[in-house]
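Given below, in the form of structure tokens, are the structures.
Presented sequentially are two complexes of subunit A, the first with subunit B as partner and the second with subunit C.
Our next item is the complex of A and B:
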């Protein structure tokens, strides 16, 4: 699928040594499993579609809709041409929230596991509890993917990975969303079996 | 608990259930499917279509639905159910699948669809549009929705075409607001599907409207 390459690595090959050797096929395109990618425009459309969906969750689409087409273009071009400052000039607006709130409306996230039929878990989840406490990564997992978290006294069965690292479960989700999201503004989280070595 | 939900997931499931009830009454083929590992689900319908443009409903009922045909083809005599099965060959029969899922990000329903020949070969978007009448094609191009793109089905994980949901709220809000003003219950799914369905070859018989306003 159109998944970020880092996510694919975490999910499928995190124990592999770098460089990651992959096999490229030129025949027998698996129509039933993969999306076609005929041009760069398709990738841009997919990327912008993810950014828009993330903003629908964070800001009811207000921030992305207030932007002009040229801002959307700058976001994409910044990513495509690896221009950090150009990208963040626009992206920082997507990371803001009203002063009176303690965070976004909902956190854009997707949790991936190779063991399930469903491609990913995505649900509505607020970064702040009604009492004002910031929800953590652990809170999120307990709520939407309880099988991923080991019981208090049990053995750790899984690794919870974002960008190749295992953030502490006590990390506030709002912070993760602002600092560890992918360029599409989503937190792509992989749950993989704990390596046995 | 969500207090400010315009169209929440519970309402979605309720409206789909009502929609399916009526579908069962008229043999329109819609059914509900739940995902194996969670409580959420979606509504789906499969129908077969001969390339010439005459549609037979999946359950083979006597309700033969004619899609709009270009003038020349309209002169052919309509085929009834029995004739259809005799003249259809594998390469000319197309299987259309329509799935209605709930988007929690946009809090609206989303239409996923795909089409393939019986041997599994998928149709491209261009192929699908060739089966859609000109008038609906124009509406699709001018309509208040972004685009049709190919995306991963959130529950099945396979490629489907999707009518992007970001503008759905925009055109559904007046429908819902108006129905509340005149104190008449409207089934969101019925109204929404009757607007977006025809643009992608999905027909929604008029009798749904009667059923929707009889709720409660």
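Our next item is the complex of A and C:
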């Protein structure tokens, strides 16, 4: 699985000081374990598929499908060339929702834990409850990953991390999706053991 | 779910030996494959009725891609898209160098290491996950 590098850092090395020193291998590519990306086009295709999957969840693909091919290209080029305004000119449309709603249809998220076998948790989860209340990050965790949330009496076992920070569990999920998603429009959430020091 | 070999075949396990399947037919024709030639015999496989572990997948061909004679499959949740692609390619007798793309909702191609169980949870309907497959990029 090819994960965003920030996610990899949170998941595997969050106790390390930045900048993160990594070792790059040029031989013995583990073909059995990792997907080989032979060209930039493959990476672009993978990125666009993630964006499309996110929009399928948020808007039943309506927003991404209404865009022209050049808009998709602009999204990728903005990311590739580190052009914030170019990227967000398109991405902001993916962050909108109909006036009569209070948020997206479902929130694109993936929860990663180093302690489990499964690669990640991804499920359908609505940002708004039937009564109109906004669901929080804590609500999401309780629903899809209850073991990660500390029991009322126990002490905090895990850190819930996005982009290297621990958002308050009371933060509305809709807000997190709009403001803390990765460029692929997914919220990549790491659950890591609480450091003991 | 009912164990009906005609409508809901079990995908052979990922470690199934190579070279299974009938020897007749060209890739362009639909080759009938009797259920018994699949690498699995129902007795040794986990029970089909264990709905927690397996999900139903309906495969639909796009364009001039050959149509699978058996379209409905019961697949373990942890099977990856790549595993499914390999299986379809073998079933359709495509050569390894030929590409096969799989789409969800006729809109996006999931990552090859994505598990079908997750896709079913998020994009399944009426108790099954519908996947379109194509030898060329149909939806970009």
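In this text, the second predicted complex is superposed on the first by the 197 of 197 C-alpha atoms of A that agree within 3 Å, B and C clash if a C-alpha of one lies under 4 Å from a C-alpha of the other, contacts with A are read in each partner's own complex, and residues count from 1 in each chain.
FYI, a contact is a pair of C-beta atoms (placed from the backbone, for glycine too) under 8 Å apart; a residue touches a chain by one contact, two chains touch by 3 or more.
This structure is a prediction, so every number in the text was calculated from the model and none was measured.
Colleague: When the two structures are superposed on subunit A, do subunit B and subunit C clash or fit side by side?
Modeller: clash
Colleague: Given the touch rule stated above, what does A:142 touch, subunit B (first), subunit C (second), both, or neither?
Modeller: Neither: A:142 stays clear of subunit B and subunit C.
Colleague: Which of the two partners, first being subunit B and second being subunit C, lies in contact with A:93: first, second, both, or neither?
Modeller: Neither partner.
Colleague: Please indicate which partner A:116 is in contact with in the superposed arrangement: first for subunit B, second for subunit C, both, or neither.
Modeller: first
Colleague: With the two complexes superposed on chain A, say which partner A:163 touches: subunit B (first), subunit C (second), both, or neither.
Modeller: neither
Colleague: Report for A:126: first if it touches subunit B alone, second if subunit C alone, otherwise both or neither.
Modeller: Neither partner.
Colleague: State whether A:73 touches subunit B only (first), subunit C only (second), both chains, or neither.
Modeller: Touch status of A:73: no partner.
Colleague: Looking at the overlay, does A:32 come into contact with subunit B only (first), subunit C only (second), both, or neither?
Modeller: Once the two structures are laid over each other on A, A:32 reaches subunit B alone.
Colleague: Can you give me the overlap between the subunit B contact set and the subunit C contact set on subunit A?
Modeller: Shared contact residues on subunit A (touching subunit B in one complex, subunit C in the other): 1-2, 35, 45-46, 49, 52-53, 56-57, 61, 118-120, 122-124.
Colleague: Quick one: which bits of subunit A touch subunit C in the complex? Just the residue numbers, please.
Modeller: On the subunit A side, the touching residues are 1-2, 35, 45-46, 48-50, 52-53, 56-57, 61, 64-65, 69, 72, 106, 118-120, 122-124.
Colleague: With touch defined as at the start, can you tell me which subunit B residues reach subunit A in the complex?
Modeller: Listed in rising order, the residues are 2, 35-38, 104-106, 120-122, 147, 149-159, 164, 166.
Colleague: Can you list the subunit C residues touching subunit A in their complex?
Modeller: My answer: residues 78, 82, 104-105, 107-113, 115, 118, 121-123, 140.
Colleague: Touching subunit B in the complex: which residues of subunit A?
Modeller: Interface residues on the subunit A side: 1-2, 31-36, 42, 45-46, 49, 52-53, 56-57, 61, 108, 116-120, 122-124.
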